[in-house]
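Naming follows writing order (A, B, C, D, E, F, G and H), and every chain is counted from residue 1.
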Amino acid sequence: MNVQELLLGVQQNKINIEDAEAYLKSLPYQDMGFCKLDHHRELRSGFGETVYCSGKTVEHLVKIYESFALRQSNVLGTRATKAQYEAVKEVVPIVEYDEMGRTLWLQFENIEKTGEVAVLTGGTSDIPVAEEAARTAEYFGCRVNRIYDVGVAGIHRLLSKVDEVRRANCVIAIAGMEGALGGVVAGLVERPVIAVPTSIGYGANFHGLSALLTMLNSCAEGLSTVNIDNGFGAGYMAAQINRLGVEGGRK
Amino acid sequence: MNVQELLLGVQQNKINIEDAEAYLKSLPYQDMGFCKLDHHRELRSGFGETVYCSGKTVEHLVKIYESFALRQSNVLGTRATKAQYEAVKEVVPIVEYDEMGRTLWLQFENIEKTGEVAVLTGGTSDIPVAEEAARTAEYFGCRVNRIYDVGVAGIHRLLSKVDEVRRANCVIAIAGMEGALGGVVAGLVERPVIAVPTSIGYGANFHGLSALLTMLNSCAEGLSTVNIDNGFGAGYMAAQINRLGVEGGRK
Amino acid sequence: MNVQELLLGVQQNKINIEDAEAYLKSLPYQDMGFCKLDHHRELRSGFGETVYCSGKTVEHLVKIYESFALRQSNVLGTRATKAQYEAVKEVVPIVEYDEMGRTLWLQFENIEKTGEVAVLTGGTSDIPVAEEAARTAEYFGCRVNRIYDVGVAGIHRLLSKVDEVRRANCVIAIAGMEGALGGVVAGLVERPVIAVPTSIGYGANFHGLSALLTMLNSCAEGLSTVNIDNGFGAGYMAAQINRLGVEGGRK
Amino acid sequence: MNVQELLLGVQQNKINIEDAEAYLKSLPYQDMGFCKLDHHRELRSGFGETVYCSGKTVEHLVKIYESFALRQSNVLGTRATKAQYEAVKEVVPIVEYDEMGRTLWLQFENIEKTGEVAVLTGGTSDIPVAEEAARTAEYFGCRVNRIYDVGVAGIHRLLSKVDEVRRANCVIAIAGMEGALGGVVAGLVERPVIAVPTSIGYGANFHGLSALLTMLNSCAEGLSTVNIDNGFGAGYMAAQINRLGVEGGRK
Amino acid sequence: MNVQELLLGVQQNKINIEDAEAYLKSLPYQDMGFCKLDHHRELRSGFGETVYCSGKTVEHLVKIYESFALRQSNVLGTRATKAQYEAVKEVVPIVEYDEMGRTLWLQFENIEKTGEVAVLTGGTSDIPVAEEAARTAEYFGCRVNRIYDVGVAGIHRLLSKVDEVRRANCVIAIAGMEGALGGVVAGLVERPVIAVPTSIGYGANFHGLSALLTMLNSCAEGLSTVNIDNGFGAGYMAAQINRLGVEGGRK
Amino acid sequence: MNVQELLLGVQQNKINIEDAEAYLKSLPYQDMGFCKLDHHRELRSGFGETVYCSGKTVEHLVKIYESFALRQSNVLGTRATKAQYEAVKEVVPIVEYDEMGRTLWLQFENIEKTGEVAVLTGGTSDIPVAEEAARTAEYFGCRVNRIYDVGVAGIHRLLSKVDEVRRANCVIAIAGMEGALGGVVAGLVERPVIAVPTSIGYGANFHGLSALLTMLNSCAEGLSTVNIDNGFGAGYMAAQINRLGVEGGRK
Amino acid sequence: MNVQELLLGVQQNKINIEDAEAYLKSLPYQDMGFCKLDHHRELRSGFGETVYCSGKTVEHLVKIYESFALRQSNVLGTRATKAQYEAVKEVVPIVEYDEMGRTLWLQFENIEKTGEVAVLTGGTSDIPVAEEAARTAEYFGCRVNRIYDVGVAGIHRLLSKVDEVRRANCVIAIAGMEGALGGVVAGLVERPVIAVPTSIGYGANFHGLSALLTMLNSCAEGLSTVNIDNGFGAGYMAAQINRLGVEGGRK
Amino acid sequence: MNVQELLLGVQQNKINIEDAEAYLKSLPYQDMGFCKLDHHRELRSGFGETVYCSGKTVEHLVKIYESFALRQSNVLGTRATKAQYEAVKEVVPIVEYDEMGRTLWLQFENIEKTGEVAVLTGGTSDIPVAEEAARTAEYFGCRVNRIYDVGVAGIHRLLSKVDEVRRANCVIAIAGMEGALGGVVAGLVERPVIAVPTSIGYGANFHGLSALLTMLNSCAEGLSTVNIDNGFGAGYMAAQINRLGVEGGRK
């Protein structure tokens, strides 16, 4: 029931004013006391639920997953520790976990993978962030092509993969240290590139600041950047872009 | 002629080895001495040429625009000063200029505008960056909806425009000072949002750093960020995304 | 005895000069060797004592609480670890502790709660800071309304609570990551808003710098900011403001 | 007409649905094309309008003041240059300007000044920021006591003014360089202190960063901070606090 | 033997050229392989040896102290851990250790304490740094007056001690958080003040940066600053200044 | 009349209470409206007056110098522009100005120069800061030895001057760019060294930050640092130290 | 087989097009799934393989060393933990490890050491970085002269070693804290100096930032800088320069 | 005459002690009052003189060039303004100036250019820095190959020049914005690469910080970095390396 329907119901005396007010207030989220689950966003975006697990107590997290399991509702958790996984698994045995990318998910129906998102990394140390991005994109229905360890210090490795990269609707370029991968890739493809700086490195890397600034300052066109180590954010936006490529948008 | 054709020609003795080597070297750009015009990128991306005017001497810029005019080729210049515009205009009278967004362009054929990109600003001072973004998106064929001065300090202004914003294939959210617009918008729409921090503000704004960090740290999903004041970068990527929505991509 | 009375006493030879000098020196604090307890502040501000427990040795802390217990004097400690609590409890069994907000207090007489302070958080991870703020405000006599997990990425959650928030004499807005909550709230209410950035987040959050800069740069009116994670500071100032609302001030 | 009345009107068929929707959209601001004047805020806060003049074109500013003059409406502009003042004065001769504090205002009815706000500065170079703060507080109805050049490097100057400072409902402490004034004042009074760092200084001052950090890190209680040089923000919040002291708030 | 004597020896054929060269090379330090002990500095400065223990292996440290013990030579070590102390003590039982200030020393003859250095702290958490400073000054022959917990948030505590502070030849002012103590003290005394910022604090303190900037930007006269937590550096320089006051210098 | 005398006067009814209170308030400074001249400091420190001219209006500055001239009182102004000098000179013709060091002073009686302060610079571009330091030290009665352009990149230049440098009671080491001069000098002399970083340099110098950090981190002993370009601060503290060497202090 | 030979083969029908394409793709690296070993670089640079061990899992590292051992191929690993060493040693017993410099290597044939690289440190705490640099240079065939603990705070230690330092083809200057060693050395020798800032220090050292900025801002000629603690990078580049000195280059 | 000869002379009574002392003091530089010209460095390095013109007064600069002209001595000035050039030219008409690179030089004998240094830029805006580097290398006898506008956003431009770049003894890679050129080039060649970040860019470029960090963090081997915009430093070190390649060094 949308707002127009609501107003119509009020006009036709099918809905009284108090109910209309209450509905408007309670619609968009479920208040669990310690947090407010945002069901509204799912309706709005057509995308399943996600949970940022870092910093949540095990008790809270178990309750959240239990609640999704009872609703037979998909959910993707990110930044989940192994301890969190094990605690949830005891109560919700069907929960799945990927240790590399620290993702923790329930998937009740299989989603067909469509389109294509390419996930590139500069080095092998960037793979955890890449797996978070890749899993997120897959959770939201993307076909994902992982192309790892193609950093610019040995540019021929990347060049030999260009055709594959160009095939994707959206490219995620993940790199730490100098972070130059994003700009070089954006210069080689015609699809949008989402750059993810990682905190891999030491010294004047300043925990990813170096790669972040490199990506923000790239003179290549068709590139934007998310927070350091934010594989989830890149995977989410890539899924939005991929969906436009698969389903089309406003003409 | 692509590389496979080239190799075929070599095999069939239609192309000798020296020519093949020379072709591989000279293909992708025209060397003008002081710069290398990248025609390769245009073929690759299907997007017209662009020129970053800032810091270029008037002499160089006039030569570049003259060369495009002779080829009857479209070109979009960004960060052009009025003095640069006037110098180019003397030699290429059909050049057009927008003082607000500092864009300088030649458009020989009319491009049909399709899809939709929404360009939002937090305040009126952000409009120059917004006009750079909007013009860029239009240059690359997007229908653009400008929605200015809808910053979060008076959230009702933004809320009253939500339906319009949701209609777009891609949203550009431009804001200085605290830069919270990007995250709030991304929480309200299902399409990708490109956030542009601006250098508007003073004090602990640190020339846009404040807005940049806000946007990078947003916990809203579906948001990525470009450099401070980089309206062009946002407009370009929005056009890539919009094209996916209009033409579709890999299914 | 104030300074005027002291001078009168000297004039009337009721107080000799050495005593007057000594009094002026010893009045305002009690020197415990390792620290100087500031009783003067309590007289001055009408507010009970507070102790910043972080970094204090267990021995020192026990002595301090013992001394307050002997005087039947209220005291509020902040940033107290569980180990500190347990050590104090052995000697002063009536001491109370809140693990979430890390506050440790003695309250000998019940203080009536008056006025109202609203304490808002952007997410669930901000709750420890919020509990420090809320407990501090309560300790100083405020009625507190906790409204948690209403961050701007899902703006409808906040909007549904606006009436409640507007009722307060003072609002504390606590948020990490992008920290936009402060500015959005200040744009919605007519009472002063104290913004508390938290260190929740990662990457370009830089341990709370991002939220701090957002709050300092907000273009909303009626907003000021305290140090990162400084729930106590916000609670204290909110109590000062609330007291003005309850008791009135200079007309 | 509030939302409940609106819904009642819809129920009673006095208001049709399209009108109700339009009303909800157009209510809160007047769209002038280049900006959206927020009348809603005035109703909400009971405070007159304000305009941030910096960066606005002379043409836009003249139109804005003209519009207020026609409505016989008060308005306070901040960060106005002398050139802006002169341009506005030609069209709206009754406009007033303070060059020191760069404020530009229309005041049609005289507001009675009540309560008291003390405005302190560390040095003489901080006076422009202080005048912006003082004028803002006066515009919103505060009696203001200016106490300038009482920085902590000569602490006796401040100590001799303590009684005056304690009389105020709210204190604004403005200082550049080391910025220690805020913490020292907060240690001496029982009312809330709003600290304003200024950009006065050189070298490791880093344009006010030094004073800002000092104020944020003060261990004095009852202190919060606004952006560097933000006299307006301090004046506004001080007026909110002063109003609570004069009118009382929620008991 | 100084260089003039050496040249004289060479001229008189009492010293051959190879020896002269060797002497010039080997004079100023003893090469222990893993480090070069700088005996030259002791001769030059008239001050005993010091060792920075942090990061040194236990084996190296034991050898160093053993070597000093064999020479019956005083030595002061700073930043020594308790484990280092215990290891040294097994081999050199007369070594002394102060856990609070982390100093580890051998003192074979008693040095008469002369002059006076006042060591002030803002809070109790600054005491470890203060003890490092005080012990260093004492090791180099200063009478030291410790005045702790006199931070500016309760300015009366400091004011009541002003006479004592003024008596010293040199004042060391140690403070974390806002770090305002240095400037306030320098405004109250006529002797040089050495300010030591400490890393005490949290949030926008940035590990002592806040206090460091405050001290560097103080507008008080007669103040200079050493590195964050560098009690040793302050104690050393205070001893140099105190020696000038006791022994006099160039007239 | 000191406080003890005052209290005696009150006891003996020679001074009434109101007068005593007024005296205590008015003693330490002269309020000129726009600023408070701190005569108290002069009495306290035995040092003449100083004025920081930067940012002061010409009108105010002329008034201040006129007031000193009428009192036949010495004064030293720093950071004075040539325009300020010329304006003051019209009213006070005996004022003197040094363009290099931007100092502006009145000296009614000649002060005998005693002791010695050595002022060293790394390069020629550091000379303006050096002249501010040197003039300040001279104004306060120091004999000054200028040793310029002895930076560490050509270490032999410094080494050839070591004997001269060692003769001074206090050394001021001024350097920009890498700022290594301070530490090298402190390693060569036994007197206190005050390091002044300058803003000379470019790029990763960050306006003097590089030299500032170098000086703060020096592992040489007997070194402290003042703000970037703060020649005055160094000269003042050097004069305090030099005075101890000349007059002696507490034994 | 180079590209010209390949094209010749295609022309002569000795190589078919598919093979040519495949060759071009597969040539430069071996894809091990989790990483791509870059054999191309070895051919290109004439230098043996290197592996950055930090962050690699033990399983991956063992596989990599096993693969090199099977090929009887030299390899140098850097930033290897002792645990990594022990795991590799179980499978590849001939592997060698240096705990100080954290290097882990296989060397099947002995390389003659030629030329000379001097490796200097400011203090003893810089030795781990120095050993990484020295071992790297040796691995690539350099004779290495280690000159440790010659920091500028005791400049005579360095001066007595100048002749030795001047003999080298390339100098590596390693220092933490103030980092002045690089500039002083470059001022004393005529060969290129590579400066390595280390993270040794505390407080305003900011984990090596201080030394890094010092080195970048040195006004000495013939100096360039690598990342903080990057001994490997300095050793590698020194080996390239040393090779030019030994073998000669383009005349 | 070297030090051994000097000592020999003293031994043989050919040189008396006073003269020997004086010689040792006066040898290495000429004191011009305002600066000390370092002739010693020239002898030491075999390289001609250089002068950093920025910030020098016209009077001083004219005197310096006049002095070199009288000695018929070559000199290279950097960062010279056109005004400085014109002033010098009036007195020394044979002086030459390059406006692009801001170099100002006297060259009395022609130096044969040998070896090869490749100077690459990412964009056209980097050319001024490149010309400073190229001219410096040429002044010190290098053959220079300029390869401009080959930034990584269009990687094919660089790839087509790889053979040329590999030919050089040393490569200088100059880039602003993201600064990725250095790492990509170092991955393609076997000779040392000196990276020069430039201040070209805007926003999160922070005046070259972005490019600087990128270069310092490159994971490519054989790369070191100089200060932002420091073309001179790169040219000087490249000349040192090139000389090793041409003349050979220690075997």
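The rule is simple: contacts are C-beta pairs under 8 Å (C-beta built on N, C-alpha and C of every residue); 3 or more make two chains touch, one makes a residue touch a chain.
Remember, predicted model here, so these are calculated numbers, not experimental data.
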Open item on the list: Strictly by the touch rule at the top, which chains does subunit A share as contacts with subunit H?
Closed with: B, G
Open item on the list: Counting C-beta pairs in contact, which chain pair has more, C-E or E-F?
Closed with: E-F
Task: Listed chain pair A-H, A-C or F-G that repeats interface B-D [over half of contact pairs the same by residue number] - done: A-C
Task: Distance between chain centroids, defined by C-alpha means - subunit D, subunit E (Å) - done: 49
Task: Intercentroid distance (Cα basis), subunit F paired with subunit B, Å - done: 54
TODO: Calculate how many whole Å lie between the centre of subunit G and the centre of subunit H, each centre taken as the average of the chain's C-alpha atoms.
DONE: 25
Task: subunit H residues counted as touching two or more neighbouring chains - done: 41, 123, 154, 187-188, 203-205, 209, 212, 216-217, 219, 221, 227-228
Task: Chains that touch, pairwise - done: A-B, A-C, A-D, A-G, A-H, B-C, B-D, B-G, B-H, C-D, C-E, C-F, D-E, D-F, E-F, E-G, E-H, F-G, F-H, G-H
TODO: Using the touch definition up top, name the residues of subunit H that touch subunit E in the complex.
DONE: 4, 7-8, 10-11, 13, 17, 20-21
TODO: Please give the residue numbers of subunit A that touch subunit H in the complex, ascending.
DONE: 122-123, 151-155, 159, 177-180, 183-184, 186-188, 201, 203-206, 209-211, 213-221
Task: Touch list for subunit B against partner subunit H, complex - done: 24-29, 34-36, 38, 40-41, 54-56, 60, 197, 199, 207-209, 212, 227-230
Task: subunit C - residues contacting subunit D, complex - done: 41, 44-47, 50, 52, 114-116, 167-169, 187-192, 194, 212, 216-217, 219, 221-228, 233-234, 236-237, 240-242, 244-246, 248-251
Task: Sites on subunit D touched by subunit F in the complex - done: 123-125, 127, 148-150, 154, 156-157, 160, 200, 202-205
